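Two complexes follow with chain A in common, the first pairing it with chain B and the second with chain C.
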Partner chain A sequence: MRQTAAPLLGIGLVVSLVLLLQWAIGVGLVDEYTVPRPSEIAAALPRLVTEEHVASRFMVTVGETFAAGALATLVGTALGAALYRWPLMRRSFEPWVAVLAAAPLVLAYPLFLVLFGRSSLTVVVIAFASALPPVVLQTVTGFAAVRPVLLAVGRSLGMGRAAEFRRILLPAALPSVFTGLRLALMFGLINVVGVEFLINLGGLGALINDLSERYDLPGTWAAIGVVVLVSVCFFATLDGGERWLRRRG
Partner chain B sequence: MAAAAGLMRSGTLLPRLAASVLLLAAWQALALSGLLFRDVVPPLGALAAGLWGVLADPGFWGNALVTGGELAAALAIGGALGIAAGLVFGASAFIAAALERWMTWLAPTPKIILFPVLILFCGVGPGSKIAMGAVSCFFPVLLSTAAAVRGVDPVLLRVARSFRARADQILVKVYLPAAVAPMLNGVRLGFGVALIGVLLAETKLSNQGVGFLVMQAYARFDMPRMYGLLIVVVCFAAAINVAIGHAARRAAAGPIAREN
Partner chain C sequence: MLSVAGLTKRFGSQADGVTAVDDVSFDIRPGEFVSVIGPSGCGKSTLFNIIAGLQTPTSGQVSVEGQPVRGPHPAVGTVFQEESCFPWRTVIDNVAFPLELAGLAKAQRHEQAKQFIDMVGLRGFERRMPSELSGGMRQRVCIARTLAAKPRLLLMDEPFAALDEQTRLLLGDKVLQIQQELRQTTLLITHSITEAVQLSDRVLVMTYRPGRLKRFVTIELPRPRSGDAVTSPAFGAAVASLWADLREEASRGMQEAGG
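And then the complex of A and B:
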């Protein structure tokens, strides 16, 4: 009972907040030139689909996110495995990777604009660069956390390096590789939408920028709503996917 | 010095130094090779000059002060709201079940898209940058505070209740001291995203602050200055990160250290 009641309460709270807002604007408590009525925002939604091509913009954003995420996962997992394989390299370079992971790389977007031009490539490269360091760190930690007794068993069975990697290290570290994938897609989406908004190019982020520059308030709010909804669905799916994989593994 | 000696003994100082030298040499080789535009990948000498130019420019420090003030206000507002909400989420299983999942999913959504709306609410000046940073750091602080409160050893709570501690006493004497280390970790995460939020907002629309200087350097195609600004920002972020991390470790070790 409690399990079903609580999420329902959450949804109910959101719905009542929306209704409260509609009422507050109606009686003039909230300035309607700052916050449009929720009904107007809802009315702007069909316009986003027919006039602003929200579907194809969505595909652009998702495409860029997956390109950056897949690239970061591939390169990051390979680099992480290399750092684990050669401890000297790990000792030398891991601090640098940690610095990059903590550094606000997206701030360098004007630099990337100069390097790659104002194109989809720039968006993908920035998202890739931001996602790579956390994936590398996550992979190294995953490999390093493999129980030593498993490796000892492998050695006593006379496994070579390749067999050890394929039969012990990889399966044992797989959950953290998936965590790395989730991180890559997460950082990918955040940076893709952010950069699209900042440089006004391409998908959903640019849509918000466009509409706000036209002072189309209901449209801006509707577009923000769409992006928030898309990313909430995206992260919920990643969350659920990872939990499903962990249960199976 | 002691830290360097410790690194020396553990055999990490030499590889780290070697790695740094290697990376710098690779950069210099790339700059001199002419494979990329010289302006985009300037040689180390030009980078150092750019960095020095930034640090010696009194105008930079004025703008840094503006950004620093916005960041501090953002952390104060977003952090206080995040801690308050986190305490509620941590203390009430029902509220957590109703809303925390949404918070977890909202936390990573790109906050910069709210900027046009925040401009409407808070104006084009520092207000909208502060709001941007506050919204950014609210979520990580909330989530780690809630997790920290839930992680408090139930034995401590039972002891406090058996001594008939009031709710406010439990909050101040049990929850806050026991949860301060993970909460500081949340503040560390919040600081990172607040810095990004404030600076990105400044690059989008402002006439002062470090983000504005970055855009100015971009518009003038002054790459060494832009690198200089970015290096200063990264060093600042890293220093604060290390400082908060250090405080969190000390807080975590505190009660045990006092017992011994």
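And then the complex of A and C:
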């Protein structure tokens, strides 16, 4: 009962806010030239599909986000594990990783354009660089937070380093690592769409740029809605992945 | 079964170091239940870690079944003071963990794990996660997991220290029952006199820093014992005799720690 109540409550809130906005525009509280009516935004969606090829742009954005996220996962967990394994490295480099996490990398996009050209590669590299720090930080934090007694259990059962990593460290750190992956996904997707928008290339970001320059406000908002859909898909996949890994423990 | 000979462990440098365990020697016979008791800071846990193969002694030797211990020994099973269930595994998968490491198939290891879950009185909780259990139940899961590895020597480091008095007595009963059933050779580290008397064939009393062997006391109470044994006069006498020994050490510990 309570399990179904929570998502229903969430959806209910969003629907209520949308209806509230529709009403506020209807009675003139909000200017309809500033914010289009939700009903108009919904009506713009079919147009995006037939005229703006939103499906292929969706796939481009998904592909770039996936590439950046997968790279950040592989490199970030490996770096996080290395920082945990060698405390000197952790003390030396962890603050710099945190600094990188706070840096507005997207502002350096001209540099990346020069280095990698006006291509999907630039988009992926910037998104990867911004998605990496949370994975590294959450991985090293997750490993470091494993209770020593759990490792003592492993040693008392004669487990080697590899088995200890696979069967104790990794499952114990998993929730923290997945928090890092969720953050990475957010930063990655924001940067993918942001850079697409800035260099007007490829996926949904470029589409939003086009539509806004044409003053097609319902279309712009509908395209932003599709970006939200991308993040929903990724989050659902991550949740499923975490549950699957937990079961395998 | 277990032989400890001239065991000494020093921490720190020669000049300002601390001798945690000083020249301790004793033996445990197969099937025997021995408790080590002493005031806080007497080096009980250090002794435990060395016998478990998790720390190396400064000098002296531990051997299990005639083999010197130079790391965790497959014949030795350990239950730690701190509850150590794997929170991502169900009760049955926690208990089956050593069997999984040994390469047993799932059906087989679950069947064996069930026996030990029954033994610690957790039937019906096989599919629960540790977070759904009380502290005492989680510690029982840990005991079952250690037993599932079929150790020939069971080492327990104050496994009931974090539990309330009633749970301690009931768990003590459970451990006694298991010990009768398996004829399990057991070394229990504890600071509880009643626990030591209730469970043990012999009690080893340690001195406060440096941790030396003060006395070996044989507990003559008839077996099988249960929690009810704590009310008998013989039990009271045994407790009083141990307390006389310990009181001296504990007050010395308090004075030294205070001054």
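Simple rule for what comes next: the second predicted complex is superposed on the first by the 173 of 249 C-alpha atoms of A that agree within 3 Å, B and C clash if a C-alpha of one lies under 4 Å from a C-alpha of the other, contacts with A are read in each partner's own complex, and residues count from 1 in each chain.
As a convention for this text, a residue touches a chain if its C-beta (ideal position, glycine included) is under 8 Å from a C-beta of that chain, and two chains touch if they have at least 3 such contacts.
Here the structure is a predicted model, which is why all the values come from computation and not from measurement.
Participant: Does chain B (first) or chain C (second) touch A:F93, or do both, or does neither?
Facilitator: After superposing on A, A:F93 lies in contact with chain B but is clear of chain C.
Participant: Does chain A have more residues touched by chain B or by chain C?
Facilitator: Of the two chains, more chain A residues are contacted by B.
Participant: Once the shared chain is lined up, is A:V149 touching chain B (first), chain C (second), both, or neither of them?
Facilitator: In the superposed model, A:V149 contacts chain C only, not chain B.
Participant: Taking the superposition on A as described, I'd like to know which of chain B and chain C A:L107 touches: first, second, both or neither.
Facilitator: A:L107 contacts chain B only, not chain C.
Participant: Classify the contacts of A:G158 with the two partner chains as first (chain B alone), second (chain C alone), both, or neither.
Facilitator: A:G158 sits against chain C, while chain B stays out of touch.
Participant: After the superposition on A, what does A:G117 contact: first (chain B), second (chain C), both or neither?
Facilitator: Neither partner.
Participant: First (chain B), second (chain C), both or neither: which does A:I168 touch?
Facilitator: After superposing on A, A:I168 lies in contact with chain C but is clear of chain B.
Participant: Thinking of the overlay built on chain A, is A:G26 touched by chain B (first), by chain C (second), by both, or by neither?
Facilitator: Neither partner.
Participant: Could you give the residue numbers on chain A that contact chain B in one complex and chain C in the other?
Facilitator: Overlap of chain B and chain C footprints on chain A: empty.
Participant: Can you list the residues on chain B that touch chain A in the complex?
Facilitator: Result: residues 11-12, 15-16, 18-20, 23, 36, 39-40, 94, 97-99, 101-102, 104-106, 108-110, 112-117, 120-121, 192, 195-196, 199-200, 203-204, 211, 214-215, 217-218, 221, 223, 226-227, 230, 233-234, 237-238, 241 of chain B touch chain A.
Participant: If we count contacts the way the header does, which residues on chain A are in touch with chain B in the complex?
Facilitator: Those residues of chain A that touch chain B are 2-3, 6-7, 9-10, 13, 34, 88, 91-93, 95-96, 99, 102-104, 106-111, 113-115, 186, 189-191, 193-194, 197-198, 205, 208-209, 212, 217, 220-221, 224, 227-228, 231-232, 235-236, 239.
Participant: Once bound in the complex, which stretches of chain A touch chain C?
Facilitator: 147, 149-150, 152-153, 155-159, 163, 167-168, 171-172, 174, 246, 249
Participant: For the complex, give me every residue of chain C touching chain A.
Facilitator: Counting only chain C, the residues touching chain A are 52-54, 71-72, 74, 76-78, 80, 82-84, 86-89, 93, 97-98, 101, 149.
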